[in-house]
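Both complexes shown next keep chain A, but they swap its partner, so chain B is in the first and chain C is in the second.
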Partner chain A sequence: MGDILGLVAKRLGMGLMILLIISVIIFFMVELLPGDIAEAVLGQGATEENVRVLREQMGLNDPALFRYFEWLKGAVMLDFGRSIVTQEAVMSVIGERFRNTLFLATYAAVIAVPFAIILGVIVALLRNSVFDRVANVLTLTSISSPEFFLGYILILFFSVKWGMFPAIASLNDSMSFWELLNRTFLPALTLVLVVTAHMMRMTRAAIINLLASPYIEMAKLKGTPPWKVIVRHALPNAWAPIINVVALNLAYLITGVVLVEVVFVYPGIGQALVDAVSKRDFPVVQACCLIFAATFILLNLAADVGAILTNPRLRHPK
Partner chain B sequence: MEDISTLWYFGLTPSTFALTYFTALVVASCVAAFYNHRQPFMMIFSLTLVSIIVGIIGGVHALWVIALIAFIIAMAAMVSYAFREFLILIASTELAKELRTAPLTAAFGMFVIFVYAIAGIFAPWIAPHGEAEVITSAFAPADANMLLGADQLGRDMFSRLIYGTRNSVGLALTATLLAFFMGAFAGLLAATKGGWLDNLLARFADVIMSIPSLIFALLMLSIFGPSMPVIIIAVSIIYAPRVFRLTRAVAGNVVVMDYIEAAKLRGEGTGYLIRREILPNSTAPLIAEFGLEFCFVFLLVAGLSFLGLGIQPPTADWGSMVRENATLISFGEITPLIPAAAIALLTVGVNFVVDWMLHRSSGLKE
Partner chain C sequence: MNDKKKKDVLLKIRNLKIQGYTDETWIDIIKGVDLTLHRGEVMGLIGESGAGKSTIGAAAMGYARDGTRISEDSSIEFDGMELMTATESERRGLRGKRIAYVAQSAAASFNPAHKIIDQHTEAPLQYRLKKRMEAQEDAVDLYNRLRLPNPEEIGFRYPHQVSGGQLQRAMTAMAMSCRPDLIIFDEPTTALDVTTQIEVLAAIRDIVDQFDTAALYITHDLAVVAQMADTIKVLLKGEEVEQATTKEMLANPKEEYTKSLWAVRSFKSPQRTREGRECLISVKNVDASYASGPKILDDVSFDIYEGMTVAVVGESGSGKSTAARVITGLLPPQKGEVLFKGDPFPVDYRNRNKEQLRQCQMIYQSADTALNPKVRISEIIGRPAKFYSGLTGAALKRRVDELLDLIELEPSKYYNRYPAELSGGQKQRIGIARALAAEPSFIVCDEVTSALDQLVAEGILRLLDRLQDELNLAYMFITHDLATVRSIADEVVVMQHGKVVEQGPKDEMFRPPHHPYTDLLLSSVPEMDADWLTTLLEERGLENLGEAASKKIDPGDKKVMPSDA
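Let's look at the complex of A and B:
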């Protein structure tokens, strides 16, 4: 057991390291601006006085390294400073939105994960049949479509033509849980379609890879019935790749959410990021980027750890 | 309403339409069965059975929807088939042999790429109106002059769609090429030199790849502002590490071969090794990767334009066209879906071709 903990701790350390490097990138990229933030935000027409006040306000007169550590210290305690545009604390702008985004992603994941894995396994077992080929074409099409294409198709049919679900996902606190699920159904469905396609293809590839291994052939040759080959021999070894597939796709979901939120005007962190980018509100952009990157790394880490836990071979690297 | 419904069923009355449709299906399946084509027969006959059930449940209109979908798929299949035969005829013997193994989906992909290339290259001659030319009122419906109606400023949608091929695909292609050259060069260098340079480049690639691509692009655009060069450079930096990894892996397998050792002993330099020994032996996976890479880049750029952070107006660009006309969707118009479909169609086409190439280069793995 001890060596597992050691391995997991090592992975965690590596994840933290990467996150630290990313925070450096996110922070110092803004420093690459010609001039500095204050000049960039205020634009050409700014007076000397205005620039000076903003510089003072953002503490731009301190050296960059000092500001980086201040910012990092704040970020660890979830305090990302104040927005340049609205002067509000960044966390009060995106805190609520981050919860909404997590809700949407969880909603999509709860539907997509079981659905995709079951379909992926079925397609892998029926490989090279007509069903498999149709599934191949459909998933490839779904992967190749931009999220907004799927989103608008769903709006056109489910909302405009058939009037089953609302096209705009506005939320408020007084809604019941069912109302909430109904309101966010179309954005969630868009994500489900994209993620399911990815996950199905990856599950199929993983299972086919598995079924080609020598011990499966051995089991078949000694006359084990097909269902037993799958349950006894294939499934225990399939968990590792499947966990990997799930974690990777959840990481994908986190970024796919940005476009979907914009299509459905969903009050999530993705939309906050897009708004902040067009207004050049750097503190908000930095905070959103760091949160997205952290979630992404966390999920990739989960994939690694899951793989280690379910596959004893990884615990004893050669 | 009356004349629309007759037009709906390919110009036939509902009962004649249903009768013709089923007769055509049964005749087609009989012909397929007679000439011993099992798969086409199974497909056509199961379509017949499904149509009967759907027809009973959903009436003639549902039948029409199924017939239309089947018709579109059949048309696409026939066009792909003809295009493949055409390519086989004009290609050299060696290439023709390869092309014969291409499935219809891959032929369809090649056809799509061909059409887009034509549209992009000859845009000014094909498009009836100028790219930014305002010719009528906003959101004017389609007529003989404007195939797809007008956009939010009264510009011809069809012309903008044609010009968009040039801008959107051109931008994505440039960014992909740049990413590819950077990644492939660094990968080849890492594989041939090895040592600390290899390690450094690999760590650098790891860091870039651990930031979600869209987020990284947004970060860079917020800093440098959305302009063509910034988009191209940002996107190519984001996707170069993928190419780097693949090139490094592929070249890493080639580097350990005996003929490389022989070349080194002859005293050849790194440049010669890369150009004459390693590259020719690792082209196949690299070409497939180029296609995949293009799809990723294209979707990312389209996403950025959709968010209003890509190519700036008045340049026609598919992503921004979707965004600009998005309000029409709430009136049940499909106008904003057309540029989005144009994006999807190209990525699907490229993916089909790549799928075939990967399958071919992996042998009979699956």
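Let's look at the complex of A and C:
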């Protein structure tokens, strides 16, 4: 087990390094804008006086390196400064929304991951059958359709025609958990449709890839029934690639869902990011970017650890 | 063994035809083979690779391998049940329970994700023959009978934690888990070292006897099958050549093909001596290891003279290939040096100039993986000729033709082909031509014949020997096969645990007194005598086989008279 802890610590350290590099990029990209942030925020119509005041206010007269470390120090404690537009603390602008995003992503993931993997196992078992082809065509169709289109189709049927679920996923504090689930079912379902295909096809491919292995033939020649050959003998050796694809899709559920949020008017972080970009609210943009980066790194780290844990050679060294 | 009473017929195969799918068409692999096996009888199936032995073995279980199909008009009758007309689930109900299978590579055929004992108990649990605890106790009992070390504990390890020879025995135990009537052994010892092979052979023969199980023993090694089988059936290209009892077959083979198999190890290159030759490569006190791992080579020294063949023998893991990597500069040693004609060779190949690089070339074990499948033969051979000798255009073409002539492949026919269009032996010839293209003085041959059939391997050995005389080449011949050593070597270096335990001219090495390890190696090579294993077991005793025997040897021991053989 000591080896595994060492490996995990190494990956964690690397993740932190990467995050640091990204923070440098995020911070100094803004510095690369022509003029400075103050001019960019206020636009061309700004007077000298206004720009000077804003500069003062944002501390732009200090050297960039100094500001970077100030910003980084704050970021470590989740203090990303104040929004230029509303003057509120950045965290109070996006904190709530990030929680909403996490909720929706978890909701979608809890459905999509087991569904995709079970479906993947079934199509691997019934490979090249009609069921396999239909499942492939359907999941490919859903991944190829734009999310907003899928969202509107779901709204058309589930809310307008059949009236089963609300079309708008606005939230408030007084809602019960079940009400929340009901409210956010359609956006979650849209996301499920978008991410299922990728995970299912990887599960199928990873399993089929192993079917030529001698130990699979051995299992067959021991009289093991086909479903058991797949579930007991192929799947346990196929986890590493599957876990990686799952992690990528989970990251997508958090960072790539702005279209779905717009369609269902869901108060997630994607919308906050788009708002901030259009209003040139740089502290908010930087905070969102850093959170997204951290999400990706953390999920990839989890995937690496998962792949290590499912490898018997690493789990049980000689 | 041979005078077993005539018993009931267990397996009756008639007119077995199997087709394989290649190049978009179905081609006959097995062309109407008949086979009759009685209860408790062991039959050896023997032939070159491609003769269809393994396919027949799988077919005996009613199983067609991926990409093959069994013809409708074949008949496979197991204990009165016609497998061709049985349903898939009826056939599956036999597998593991009444007919079991032991595969060639236990390391690849055990699922890496599960403990050995869980794989062992899978079939008995599946068929509800035993409760889990009973099945586990039975597994421990079988491990005991197969003389596995720590039988109580070994099953609870994962396959990668157990050595190859032990895994192969564990797989035999697994095949026994439901006490089948028939076991198919598909080259069960081919992937093992000779010293390990013995313990597996002894264990298999013993357990098959104990339970009076019938067996089909598939192998390409005659000496092995002679120890195991009551009857031997010889196959060639999907057809039966002849069948007879083991004694009869050994004493009196009838068909020409069988005789050629028997005579295949007749090739013997005359032994050359160092007299009048210059020392080409000199390895001096080399220590080496990979990364920060344990020492793989420990104070290794030997010389290779020009135009001579030095065979380096030893079990897998003894450091043979690592020594070659040090000479070629792929693995810089931690201590010691390599001299070329008396001058030090840069330890890292990156620091060697073209003239130094061209001197050492390599030929690999598996030509399948050593040749780029996407590149034509002309380019595979042409590239080193261009790189080292700067040939282009017509001169390059001439050189490639010349090289193809050297390896006895017709240039006009093979110039534009891809590796996939060649047979195993032809591919290995291309590997040789590629090494020759650099015009080296020294070639490392790393197990170049172990992946080939005996007849083909003999052709390669003859070719290498001829080239050696014509081009004054020195070979470092890495092998674990002592028959190959006998036929081609001038000098022998025996390695064990990274040390050279003995070295000298071939004739001295094959004559006692030996170092005890050399003795162990020599005495472990199966001989063409049906009683060889029995005699050996009587001499050595059951506890003194394979790993156990090699552990008893002190590697620092001086040459002593063999005490137990």
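Note that in this section the second predicted complex is superposed on the first by the 294 of 318 C-alpha atoms of A that agree within 3 Å, B and C clash if a C-alpha of one lies under 4 Å from a C-alpha of the other, contacts with A are read in each partner's own complex, and residues count from 1 in each chain.
Criterion: a contact is a pair of C-beta atoms (placed from the backbone, for glycine too) under 8 Å apart; a residue touches a chain by one contact, two chains touch by 3 or more.
Just so it is clear, the structure is predicted and the values come from calculations on it, not from any experiment.
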According to the stated criteria, A:S170 is in contact with first (chain B), second (chain C), both, or neither; which is it?
neither
Does chain B (first) or chain C (second) touch A:S213, or do both, or does neither?
second
Going by the contact rule stated at the top, is it chain B or chain C that touches a larger number of residues on chain A?
B
Pick one for A:V160: touches chain B only (first), chain C only (second), both, or neither.
first
The intersection of the chain A residues contacting chain B with those contacting chain C is 212
Using the touch definition up top, name the residues of chain C that touch chain A in the complex.
58, 61, 63, 65-66, 92-97, 100-101, 103-105, 108-114, 122-123, 126-127, 157-158, 160-161, 174
Tell me, which parts of chain A touch chain C in their complex?
212-215, 217-225, 228, 232-233, 236-237, 312-313, 316, 318
Taking the complex as given, what residues does chain A use to touch chain B?
18, 21-22, 25-26, 29-30, 32-33, 127-128, 130, 136-137, 140-141, 143-149, 152-153, 155-156, 160-161, 167, 208, 212, 251, 254-255, 258-259, 262-263, 273-274, 276-278, 280, 282, 285-286, 288-289, 292-293, 296-297, 300
So in the complex, the part of chain B that touches chain A is made up of which residues?
39, 42-43, 105, 206-207, 210-216, 218-224, 295, 299, 302-303, 306-309, 319, 322, 326, 329-332, 334, 336-337, 340-341, 343-344, 347-348, 350-352, 355, 365-366
